[in-house]
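Structure below; questions to follow.
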Amino acid sequence: MITQLLIILGAALILVGFWGVLTRKHIVKIIISFSILDTGIHLIMVGIGYIKDGSAPIIDQEMPVSRLAGNVVDPIPSALVLTAIVIGVAVTALMLSYAVQLYTFYKTVSIEQIKELKW
Amino acid sequence: MMKDIAIKAGYTLISLFVITNYGLLLGGTMARVRAKVQGRIGQPVWQPYIDIIKNNVLRTGISHGVMFYLGPVFRLAGGLGTYLFIPAVYGSLVFANFAFSGDLLLVMYFIFFGQLGMALGAGQSGHPYSPIGVARGLAQMSAFEVPFALSVIAIAAQYQTLSVTEFVALQQGGILNWIVFTNPLATIAAMISFLGMSMGNPFSIVIAPQEIPIGPPTEMQSSFLGMLQTNRAIFNGAKLVLFMNLYFGGATSVLSMVVKTFLIYLYTVIVGASFPRFRADQSIRFFLGIPTLIGIAAVVVQMI
Amino acid sequence: MIKRIIIIITLIGLSFVLLPLFLNMEDAERLSELSQTYVTEGAEELGTANLVTAVVVSYRGLDTLGEVAVLFAATAGVTLLLGTKKKGGSVTDLLEERRGGSELLNTGAALLFPVLLLFGAYIFVHGHLTPGGGFQGGVVIASAFVLLLFIESDREFSHSVLHSLEALSGAAYVLIGLIGLWFAAGFLDPRFLPSGEIGRLLSAGAIPLIYSLIGIKVGSELIGVVDSLRRRS
Amino acid sequence: MVSPLYILGIGLGIAFLLPLFEKLGKKIPRIITLITLMVFTLIAVSWVVMISGAVDKFPVIFNTIGFKAPFAISLQVGLIEALVLVMINTAALLSGLFLSLRKDSHWEGKQIVLFLTLVIGVNGLVLTRDLFNLFVFLEIVSISMYALIASNDEKHAYEAGFKYLIAGSIASAFYLIGVIYLYRFTGTLFIDQIVAMDLAALQATHPGLVFAIALIMLGLLIELKPFPSNGWAIDAYEASDPAVSAMISAVGASGVVFAFYKISSLFPPEMAEIVVASGAVTFVFSQLVGLRQKRVRRMLGYSSVGQIGIIVMIIGLQRILKIDDAQMIMSSAIILLGNHIFSKAGLFWLSDIFDQEQLRRVRRRPLMIVLFGVFLGSLAGLPPFPAFWAKWRMITVLAESDKLFLIIIILLGSLFEAGYLFRWFTTLLRDESDPGDIHEEQIPEDIPVSSSQTGVVSSTRALAALAENAGSVVEELPVLSVEDPTAAEKRNPVVLAVVAISSVIVIAAGVLLGAEFLRASNELLLLIPVAVLTAGILFDLLHLPHRIHLILAMAGISFYSYRILMGLDGIYLVFGILFLTGSLIQMISLYVKKSLHFGLIPMITALILSLGNLLISTTRLGFFFSWEMMTVLSSLLILRGRKASGAGLRYLLFSLGGAYSMLIGLMLYPDFSLLLQGVRDVSTPPVLAVFLISIGAMVKMGSLGLHIWLPGAYAEAENEISSLLSSVVSKAGLFLLFVTSSLYLIPLLPSGNIPVSVLLGWIGAFTALAGAFFALFQEDIKYTLAYSSMGQVGYMLLAFSLMTHLGWVTSLYMAVTHLLFKALLFLAVAGVLYRTKTRMMYQMGGLIKRMPISFITVLLSIIALSGVPPLTGFGGKWLLYTALIEKGWYLQAGVAMFASAIAFLYLFRLIHVIFLGQLKDEHRAMKEAPIGFLIPQVVGMIVIMLFSMYPSLLIGPLQRAVTPFFSESIIWEGYTVFSTLGYWNGNAVMYVTIGVFIFPLAWLLLMQRKHTRMVEQFNIVFAAERPDRPETTHFGYNFFAHYRRALGMYLTPWATRWWTGVVTLTDSLGGTMRRIYTGNGQTYAFQIILYGTVLLLLLRGGF
């Protein structure tokens, strides 16, 4: 149930992200769309790691080692999503830097006016 | 061995002597015939002899260089050679000439030899009219070669031979065995191209007197011109003999040769007297038109 | 307009094709074989309370090293793009004069700065016990410095300190990995240090050390990124 | 073995520390990085050595943390990984060297850091076996590339980088979604574990599985720039620093390719087919679009994309084919990858050097020409470079699997690629005065009339006009004259040395592969031309004196010929003498040249040896290799001509097209052996194969319709080269026909009984006619001779296709005699051109007095060529007509006779216009041709006279060579040869001719012994006036005007028009195609998503 919910939500965000990437003209908006897209993917990843009625895979008093199996969510997708988020941040940072540089050279933020290279 | 060669040389000289005199007389006669057709009296029959002698005894000769000097020699050699590779009279030892050296193809290609030499000699004269005449002559020649070649191919295919002697042999035994009757299409094609070959009207553009005085031989004089005139007689004779051999059953005696060749020549003169002159491009188009089609038809008939 | 319709059709097509991925995905009943092993044996093998950390730092330690490298490369890229000597001219020329922070912001930021630093350090030091870790801690630390920039946008950070921190922590991380290769079972194996008792701060072998180094590295790198973006604008 | 973790670990550690090292000194990071890269390379080399030395050659697995996969991430080093890493790391090392050694190098700071992370990321991509880890490394690579693109701080670089980022991010998104779902469905991320699973069964429970895999595939595929969603990548290649482009193309792309190969083991067959299609489409369309490209870097971008496309195609194929074939074809992919890495990097570097030195042409920079040649040749897949062998293997495998369509795609794409790459090459080599693509004679606008002054002026003007209109100038660089004084200062030999290393790698790899491929069939000897070429080029680079080099070369060829000819007999021997002895004699004339002519002797030598190799190659590979070598070398030789850029390119393209056509034909008919077997073979080959093979031969012979490369190539090449090409090399086509003769008796139409040879015969006849007619109307002497050769080779084709004893004897006879006459004619004309400095015949005239020996040579050769008795040419004509009539080909005989009459016309014109008529003022002081030209002429004339007197000397051996294949058709009696139709006695004809010649000559001498007077030049009867200028008196221009009037309208060059149409169509197709590259990053993003959607839809359709 929760997996399905998260996946639908994630898929919706992915579509919104793609829509933004394909239709927004403002470079920064496109970058934001990519962030939305990433978020959607991350949601799906988290959703896939969910185990029915599972809690965080951390050992403490309530969750001793013996109870772990069957009661915690999958730690692998969590680990993956962590990496994915960082990578997403890195790419966003680079995109923003590009946006700054493009603005200084082309004096515009519209992607439609940045097309001197073609054919 | 030596004796054989001596005898052969003797025969050759006889053969050449006969054809030279015959050629000269024929030329003189035809000039007279042409004059009669045009309502003139014309020159004496022996006028060619006079011309040759006169040219040869002229005191000064002008040469433009080695090739100019050799041009008439080439030309005469070409004429002599062409004649010598054709058997003039079937069955005659004296007039068999050097036909054993090669077949019809040799004769056809040896004709080029004299023309090339003459053209080279004319070229070295430096006179622009000479090469103009040569260019016209060559162009016209390449055109009339087509129907002639097709005709030869047709008869070669028909008789499965290329040997001139063989052709004559196969036509013996009655007038209906002549190729003119067994293969009229080929004969027609060949006879039309013969008009071009003999360079009379309507194919006289090569030497068109009004435009380029006399064409290739413009600069020729004295002995050079004399040799060319000698050659004209011999070469004419050779061509006539060739056509007679190929299409009209050849000749078994000197007399029949004289009669047949005279008639063939008369044909060209009559045609020449009746038609005006073609321009070079017109004659090219003419030869590559109907005569070529006739030639092709002759060949196709053999293929079926 | 036609363009939009085509885009819509394409996206509908894409969703349609991928429907098998999006629909009928029920919650999983049990862990995959692999995670089952991690969950049941991870604590024992590595001594971490936070099993996600066990996966992140150890089992998939190469990913994390790569991740650090990605961030490192991105920082280098940002610096390269927004470095000082550039042909394009400054964005500042094109913008209006910027005003300084308000009183409220200044006071609040000054108050929060040390707290944030401490919090960040706490997060990465306790990465093997509680949710969080080097990346999260690093981000918190970096946000403390962003606050400083809010107050005074012309503030200069010491580049040599940042660079040295970044470089040395990174190198130390790799060194720890190699120590694992030489003295323990394999590259990035944290078990060359005693794994201790689960739940203690000093447990889980070299994992807290690794996470601290990552925290410092990520923190300094993110500061660098923000600094570069700020200088350019 | 050294653990690969050292590469990743130490590499990253050093990368992290580089900013600190920089504080120690600006150059320190460079040095450290270069050392690191060297260590990487050495590690990879050690792997290759150890694995290939091991018995089992199994890959070695390295685990992290101490857990086995899947519990921890593992790395795998197998032979293939090790090889790929050796190539990638070497390329990276060279790149690093290039970046640090080039003029005004700014390679420092973050650029080095990113460079290093890029290399480490690629290493990781190649090594890791974990899907998510792959993603991480992919991101390291991508981010490093995104940043590096911007390193040259140019407006366009930022634009391109941003587009690249957008595209890369979308690809990453696809990949990430795919990975997480694959984890969900399989419970693991370890590739080998997933491969081991029963994916089909899993598919049943998880219908999304295939789409998860597809998304992973798509993520990587997009990174590999499939057509048409690759505009962003091409922008990046164009806009970034060339050295960075080199890295992206050589290192980055290779890593992703390998990753793609790694995940390809997950693909179900349907997906593999889609991958194949995607790769094929990318390959062929990128090359098509590249045709239209004029900006060099962008063009290289298209080429890169195309090259990667073909590798993607192979990766898809290896999933479909049988396991053995899959391995075979995969090895070719690795070779292609290596070839691409080093050549493409080399070209990007060269283009950078080009910019740095502000060059426009490289005609005077031998080393650069060599480097360009090597890289372009290897990219285009020419022998002996690695790609040639790879493509051969690939095509062999494809042929065995009946994938003809793919073969055609590959060859078509290769042809396009060769087209634009070599267009670039020819543009670079072009002389300033070269007007570009010309294939017809260029007659000066107005004929110089009053003085030589106006003539010069007018022709310069005409050339200028031509140059203006001439086709495309590839690189739009500022015009600089070659003699730029600062040019020397800008040179940087060290950098060039780095590039040279790359080329050495390519050559060495090619030769080693060649040895490997040819060893199987014991044909290692075929590599001799490559060795000779390499050694010769080195000699030239070291300035070995021309004449010493020539003598060495000739000695070498003689030795080779001796060895080869000893082992040959029959028709092979005839061609051996034709190819080897014929060429050797013509090489004598090279002695006239004094100074060094770069590349001339090595290339001629290699060409001759390749021709010889055709005779001894026993396998298709050997034959095709030698054939291609011959083609490439001849086109390079043509390119040496001052205005030959267009002609050389045209020659190359036509020859390559012909060679490819032949190749497809051979592949279509696998049972066929390339051994001369006569016409006895009765097995029926596919008609298409026969056509394709014969097209290959006819292109080389310049048969009608395929001849349009011929006039330009023969005319614009240097005289010695023209002579060699037209008299010797064109016979290679004839040789191919003889070798494949058993094919041509199959019926033309499935139901009919007319054999293919009839068609060939007609083509031959009309080639002879057309060649003669074209020659008739040329003013340029070399064009006349070129068309003449075309016509003559047409006769040989006609005679060959008779498929009778006499026909073959005729064909060989004409081949030998044509060699004699044409070589003589070209040599004599070369002498004339050497002296007169013009090629227009009407500008000569009267030269007989200045160059008598040349005149005699020309006279003799035209008598022989036109077939006038008594010389030996008549023999050819006699044999030809006899053979034709015997066979019943009457109409063909008619056409041949017409052609020979026309030939007589242009030959007369040739000798007349040059040697007779009026001597021009500027030629009055001219001398006879140099002795080096005359010696071979005299030798040739003696040989001609000998063969004319004793035809049996030549016909006899030829007859015996042909006899094994047919029953005898001619017999000899003394000197007379008898056919069933007629007879010919060459000896008697000669004597009679001499006799009838001497008789009148004697007469003339006798008559004129006293009173012959030589007169001056203008003493002619010309309307009683003395004409004032030789130009107006010399009748030479438009000599056969009446022929043009009579038949001109039938002589429109329809073949040229047709080919021009084909070229224009292809070109405009490419032009239309490239409109999809709008330059808008958003459009590119849309194209990617659309591309993905379409592929996924196709896949869904497959399920």
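Think of it as A, B, C and D in the order they're written, each chain with its own count starting at 1.
Just so it is clear, contacts are C-beta pairs under 8 Å (C-beta built on N, C-alpha and C of every residue); 3 or more make two chains touch, one makes a residue touch a chain.
The shown structure was predicted, so the numbers you read here are calculated from the model rather than taken from an experiment.
Placing every chain at the mean of its C-alpha atoms, the farthest one from subunit B is found to be C. Centre-to-centre separation between subunit B and subunit C, using Cα means, comes to 106 Å.
Chain geometry summary: the mean Cα position of subunit A and that of subunit B are 100 Å apart. The geometric centre of subunit A is 15 Å away from that of subunit C, both derived from CA atoms.
If you average the CA atoms of subunit C and of subunit D, the two centres end up 54 Å from each other. Residues of subunit C found to touch two or more other chains are 7, 11, 14, 18, 25, 28, 32, 34-35, 38, 59-60, 63, 66-67, 70, 73-74, 77-78, 81, 86-88. Residue positions 18, 22, 48, 76, 80, 83, 87, 90-91, 94, 98, 101, 105 of subunit A each touch two or more of the other chains.
Contacting chain pairs in the structure are A-C, A-D, B-D, C-D. Considering their complex, residues 7, 10-11, 13-14, 17-18, 20-21, 25, 28, 32-35, 37-38, 58-63, 65-70, 72-74, 76-81, 83, 86-88, 160, 163-164, 166-168, 170-171, 173-175, 177-178, 180-181, 184-189, 191 of subunit C touch subunit D.
Listing the residues of subunit B that touch subunit D in their complex gives 56, 59-67, 69-70, 72-74, 76-77, 80-81, 84-85, 98, 100-106, 109-110, 112-113, 116, 119-120, 123-128, 131-132, 134-136, 138-139, 141-142, 145-146, 149-150, 153-154, 156-157, 160-163, 218-219, 222-224, 226-227, 279-282, 284-285, 288, 295-296, 299-300, 302-303.
Across the complex, subunit C is touched by residues 3, 5, 8-10, 12-13, 15-20, 23, 63-67, 70-73, 109-111, 113-114, 117, 120-121, 124, 128, 130, 132-133, 136-137, 139-140, 143-144, 146-147, 150-151, 153-155, 158, 177, 181, 183-184, 187-188, 207-208, 211-212, 215, 1086, 1089-1090, 1092-1093, 1096-1097, 1099-1100 of subunit D. Touching subunit B in their complex are the following residues of subunit D: 846, 848-849, 859, 863, 866-870, 874, 877-878, 881-882, 885, 888, 890-891, 893-894, 897-898, 901-902, 904-905, 908-909, 911-912, 916-918, 976, 980-985, 988-989, 992-993, 996-997, 999-1001, 1003-1004, 1007-1008, 1011-1015, 1017-1022, 1033-1036, 1039-1040, 1042-1043, 1045-1047. Of all residues in subunit D, those touching subunit A in their complex are 132, 136, 139, 143, 146-147, 150, 155-156, 158-162, 165-166, 168-170, 172-173, 176-177, 179-181, 183-184, 189, 231, 235, 238-239, 293, 1074-1075, 1077-1082, 1085-1086, 1089.
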